[in-house]
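Going in written order, the chains are labelled A, B, C, D, E and F, and every chain counts its residues from 1.
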Amino acid sequence: MITMLERVPTGIPGFDELCSGGLLRDRSYLVSGPSGSGKTIFAMQYLVNGIEKYNEPGVFVATEERPQHLREHFLTFGWDLEKYEDENMLAIVDATSTKIGLPSDERYIDVRPFDTRSLLDQIITIQDEIGARRAVVDSTTSIGFTISDPAKFRVELLKISTTMEILGLTSILTCEVVEGGGDKISRFGVENFVVEGTIVLYYTRIENTRVRSIEIFKMRGTNHSSKIHPFEITENGIVVYSKEEVFA
Amino acid sequence: MITMLERVPTGIPGFDELCSGGLLRDRSYLVSGPSGSGKTIFAMQYLVNGIEKYNEPGVFVATEERPQHLREHFLTFGWDLEKYEDENMLAIVDATSTKIGLPSDERYIDVRPFDTRSLLDQIITIQDEIGARRAVVDSTTSIGFTISDPAKFRVELLKISTTMEILGLTSILTCEVVEGGGDKISRFGVENFVVEGTIVLYYTRIENTRVRSIEIFKMRGTNHSSKIHPFEITENGIVVYSKEEVFA
Amino acid sequence: MITMLERVPTGIPGFDELCSGGLLRDRSYLVSGPSGSGKTIFAMQYLVNGIEKYNEPGVFVATEERPQHLREHFLTFGWDLEKYEDENMLAIVDATSTKIGLPSDERYIDVRPFDTRSLLDQIITIQDEIGARRAVVDSTTSIGFTISDPAKFRVELLKISTTMEILGLTSILTCEVVEGGGDKISRFGVENFVVEGTIVLYYTRIENTRVRSIEIFKMRGTNHSSKIHPFEITENGIVVYSKEEVFA
Amino acid sequence: MITMLERVPTGIPGFDELCSGGLLRDRSYLVSGPSGSGKTIFAMQYLVNGIEKYNEPGVFVATEERPQHLREHFLTFGWDLEKYEDENMLAIVDATSTKIGLPSDERYIDVRPFDTRSLLDQIITIQDEIGARRAVVDSTTSIGFTISDPAKFRVELLKISTTMEILGLTSILTCEVVEGGGDKISRFGVENFVVEGTIVLYYTRIENTRVRSIEIFKMRGTNHSSKIHPFEITENGIVVYSKEEVFA
Amino acid sequence: MITMLERVPTGIPGFDELCSGGLLRDRSYLVSGPSGSGKTIFAMQYLVNGIEKYNEPGVFVATEERPQHLREHFLTFGWDLEKYEDENMLAIVDATSTKIGLPSDERYIDVRPFDTRSLLDQIITIQDEIGARRAVVDSTTSIGFTISDPAKFRVELLKISTTMEILGLTSILTCEVVEGGGDKISRFGVENFVVEGTIVLYYTRIENTRVRSIEIFKMRGTNHSSKIHPFEITENGIVVYSKEEVFA
Amino acid sequence: MITMLERVPTGIPGFDELCSGGLLRDRSYLVSGPSGSGKTIFAMQYLVNGIEKYNEPGVFVATEERPQHLREHFLTFGWDLEKYEDENMLAIVDATSTKIGLPSDERYIDVRPFDTRSLLDQIITIQDEIGARRAVVDSTTSIGFTISDPAKFRVELLKISTTMEILGLTSILTCEVVEGGGDKISRFGVENFVVEGTIVLYYTRIENTRVRSIEIFKMRGTNHSSKIHPFEITENGIVVYSKEEVFA
């Protein structure tokens, strides 16, 4: 029985046409890039578009930024996260504050210390409440710091990504690579082993200016662009110039 | 007594003519390359051709992708794995799901934690049932993560490859190397020690575009091309352009 | 409810116009650069301007230089730290002397060995006394040396930065990177994970002369320059040439 | 008393003239190179020529390839190892199969786990039976994997090479270096300390083609070529082009 | 109260004019450079000039060269250390011989094993006897070798430099960096953290000749040259060519 | 009292004029270079010239080559070591054979395992017997392999070099650096800390040919050439072309 693979458009201008229409339903993807390359914006825009354009609720697991900062920062793009949360279209899990022993008055908080099982339980609960179809874990790197052994980290990530696939979530995991380091797609050398595709954000200096660009490095089960395309962070979020190329 | 060494054609367009007709019967080969370079497609196409063109049943040990994803993805090439499985021409061993404690309703599952002996027993059982002549372990890298010591990993791989040779299987082991890293043929520095040949898949950027190419780095007992040839992933799978060369 | 994010101008000539008016209120920033690049001057000038131009008291945690040296050195720029201290506009915490068992007759001293909790208590006390709005920890690198494990160091830094944000302090953490090393934004690979923005000071050789330049590498929640701008250490402190660019 | 040092010609076309007539009698040499560079062929050709041209029996310790594979592969060069073995001119020690617990029906097998003493006893026995003058250990790298400590590995190699010298064997030890790695003459940094000379096989890419070349890096007690010469693997084995040079 | 910072001229021809008149009184400086770059000569010349030109007695802690060798070598520059020692203007602490269990008939010897406390006691005693104003520790690298942990080494150096500052000594610590290594200003990555300034001696090959040059990399509290200047070791010691530059 | 420093000419053609007449009496020097660069020949030629031209007996501690091989190899240069030994002008200490448990019928053998004290006792005994003035330890690298900790290795080398200086021996220690590695003057990063000077032998490829050259990197207490000079290994040993330079 031949089945056409269902697509989940990100809705990010210019991106979906690079990969025949978007991500594959019920798979996990890695979005890698150095600090400041735009990973968090890419991931949140994916959720916001899910809510605004496709009526798909989303979950955002925040391990690096406090939810209140996220809400404030994304208002500059006109994205009213608080409204989405009130409408039960968005759930932000605070996995930052409690990790360091600070109190949090967020609705969803992740207990400490990090424990895959309890994070997944948290997500399952959210599934029950808002019926999410999209998910983001931002970032896997914070989780990696808490697990000393790369092999063990890989297994925990595998549990997270596979469970989310089984829960019917199409998800993005972000990964912060070291600027100028050799490995451009992972931090601990194992992150790409747990996903069906890897999207790389570059933040490179051309002469005296930082330029942003994006590459679909790997996406199983589909044809996709084999080029690097420029993108910008505008006042409405990320815009990918799918017709243009970057020469470095 | 001089015996001509028997050939096992991969059937991959353009490949067999690079090595005087194909792999040598009852030997193991390493297919190395970075993430997304096409290792899994190469390996599966080798099995599918075995079934379709040479009437040789095959075994695929999947340590990275869940069998259901494999089936869905390869349908995009028109390869109906489920049909081959029903006809007892293909066996897929699920060595992914159970590793992380998830249930699997696959026919062949590999118990956890990883154990060479039980994997080999699994393969021997399959041999009895379908009489396979070709085998794939995709990938050795996942196995390597579970074994901390490279020396021990090498011994386990040696057991796997040698046992498969004794069982009359001509096999491909895949190996994921780090993109941009120094070592282009292995991940843990020992994989190439257990095989009779190494095939390298490159996925390099030329100006702004990723280009795929292939090299037969080493193949004992036979003459072979000493050049790097371009290949593409088409809607029918891999096509190697054996008459063309890549200049990088 | 859309809120405009409040700005905290550094008052450093040429800098604030690179980032739409200054730092964001109640956030922490990393100022990275090699030895001698001007991190301590940048940080102190931020506090002195807070006192002189914006009437905001400041705290300076000195882990590398003895307070008396700081007072003497900054007099060469005409900054009379002692006067500010007498006016309760500036508090300098001596976290240098006592660390090595030497007595200190400073007003604020940090007990040994390093302990995040006691440093934060110290800052809270100062908050009560002078009502500081700006803070500097110079440098995180000294603290990092006392904590062997990067993961643990990251958590301690996270506690420091988050507590300061909660206390209503907009703060600068300095970080000394290895001249000529690969990582230009952190020493232990984790410092940038605890801040909302990273400012990099370069101290590079062009032909036979060292040239100073500055880049806003990352600043969440705001647009900013994507270029590298030259700066100088003049007899009045740092001056950034926001209209000029550096080509290296 | 001045003695002329006796020569042991390898008989490999073009090689002996690079080093004033061949190896020095009763010394050990290292043949280093990456995977697939031709080390095993060089070493076996040295033994085969010993048998065919100089009537000197030889011993081949195989730690990587199973003897049966060696016999099959070398038939493609027209070298009938089985015949030499039947004539008591060649002994192949199977140090591969038993290492992984597989049975071996070879005449000479090396017990497991690796133990220098028992390998040397094995060689001494063979000496008694066939009176070998030439020996090969292919490869030292496999042995190195089984000994974790480089210093200890060096001592074990020193025992092997010195014992072989005392037994009147002129021997070749092969060493597999990492392709593209910094050290081109050893894998564990100690192999060259136990030998009287080092021969390096290169397998480098010139534009799009792999080219083979050879250098006598060090040979104590004799003058030798200080150039790099091309060689090929023909249907009769290795041919060195001693009059030509390689420019890379 | 604005105080002009007092200067301690090194008296080395050409050097003091690079830094507005010399070192700052009561501070510690690092002189870094590879083996043979001239660190020991620079440091001793600083002391000899202190004695000859400024009437300031000095202490030289020798951890690498035996005092007798120092006396013999520096006679070639016409510096009669023995005379200065007899006049109580110079004290050389033998921290070399006793470290390896050899007897020393020097006046000042440092007990073994290395212990910061006893070294400082030694210096305090010398202070009492000769009233030194300048000090040299040559080199910190030898001390570093005896302390395995960089963090601990940093603390010990901090004790040494701070105690010397408190004792009214303006001091030079030498540091031997690895020729051709990445870090040009320290060996263990922590030495520059304990000083107020870093002077780098280069010993670089230009075409076929080694050329010596000097850079004031960092000097807190003062303006200084931002260029690299050539210097030579003449028969009268070091001469810096402050008007010339080096282009490499 | 000004004393002219006494010189010990090496007698190697072209070398002594590079350093104002030779080595300094009663000091230790490091001769560094990659495998095959000529270190052993340089060191032995220094001893042979001492015997032949300056009537100074010598000691050679051989940790890498068996004395019998040394005798045979150096006969090719016309140096009859056995004759010198019979005349009590040369003593060769066999520190190779016994290390691996093999018997030695040499006159001077070094017991195992390596122990600095017993090596020095051995040398003191030889001093009594032949009154040596020159000594060689070939190589320190072999000794380094037996001592795991660089800091400890440094102390042992310091004991060896200082004791030899006290015994009135002007000595050469050889050091084998890794071909193509970063550090060109030492293997374990500490060898140059125990000597008064470092002589580097280069063995570099210029186009397709290995070229030998020599540099006096450091020699305390004396002026010396700051250039790199070519040398050759002729049938009479090393000849340095002090008037020529090498451009690489």
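Quick notes on this one:
Note that in this section a contact is a pair of C-beta atoms (placed from the backbone, for glycine too) under 8 Å apart; a residue touches a chain by one contact, two chains touch by 3 or more.
These are the chains along with the protein names UniProt gives them: A, B, C, D, E, F = KaiC domain-containing protein.
Just so you know, these numbers come straight off a predicted model, no measurement behind them.
Hopping across touching chains, the smallest step count from chain A to chain D is 2. Shared contact partners of chain B and chain F comprise D.
Between the two copies, chain B and chain C, the C-alpha superposition involves a rotation of 120 degrees in steps of 5. Taking each chain's centre as the mean of its CA atoms, D is the chain most distant from chain C. Among the remaining chains, the Cα-based centre furthest from that of chain E is the centre of B.
Centre-to-centre separation of chain C and chain F, using mean CA positions: 53 Å.
If you average the CA atoms of chain D and of chain F, the two centres end up 31 Å from each other.
In chain F, no residue touches two or more other chains.
If the chains shown are joined wherever they touch, the resulting network closes on itself as one ring, and no chain has more or fewer than two partners.
Contact ring, oriented from chain A toward chain C: the chain order is A, C, E, F, D, B. Of all the residues in chain D, the ones that touch chain F in their complex are 1-3, 5, 27, 150-151, 154-155, 158-159, 162-163, 166, 182-185, 189-190, 192-193, 196, 198, 215, 217-223, 226-228, 245-248. Remark: chain A residues 35-36, 40, 64-66, 69, 72-73, 75-76, 80, 82, 97, 99-102, 141-142, 145-146, 148, 176, 178-181, 205, 207-211, 233, 235 touch chain C in the complex.
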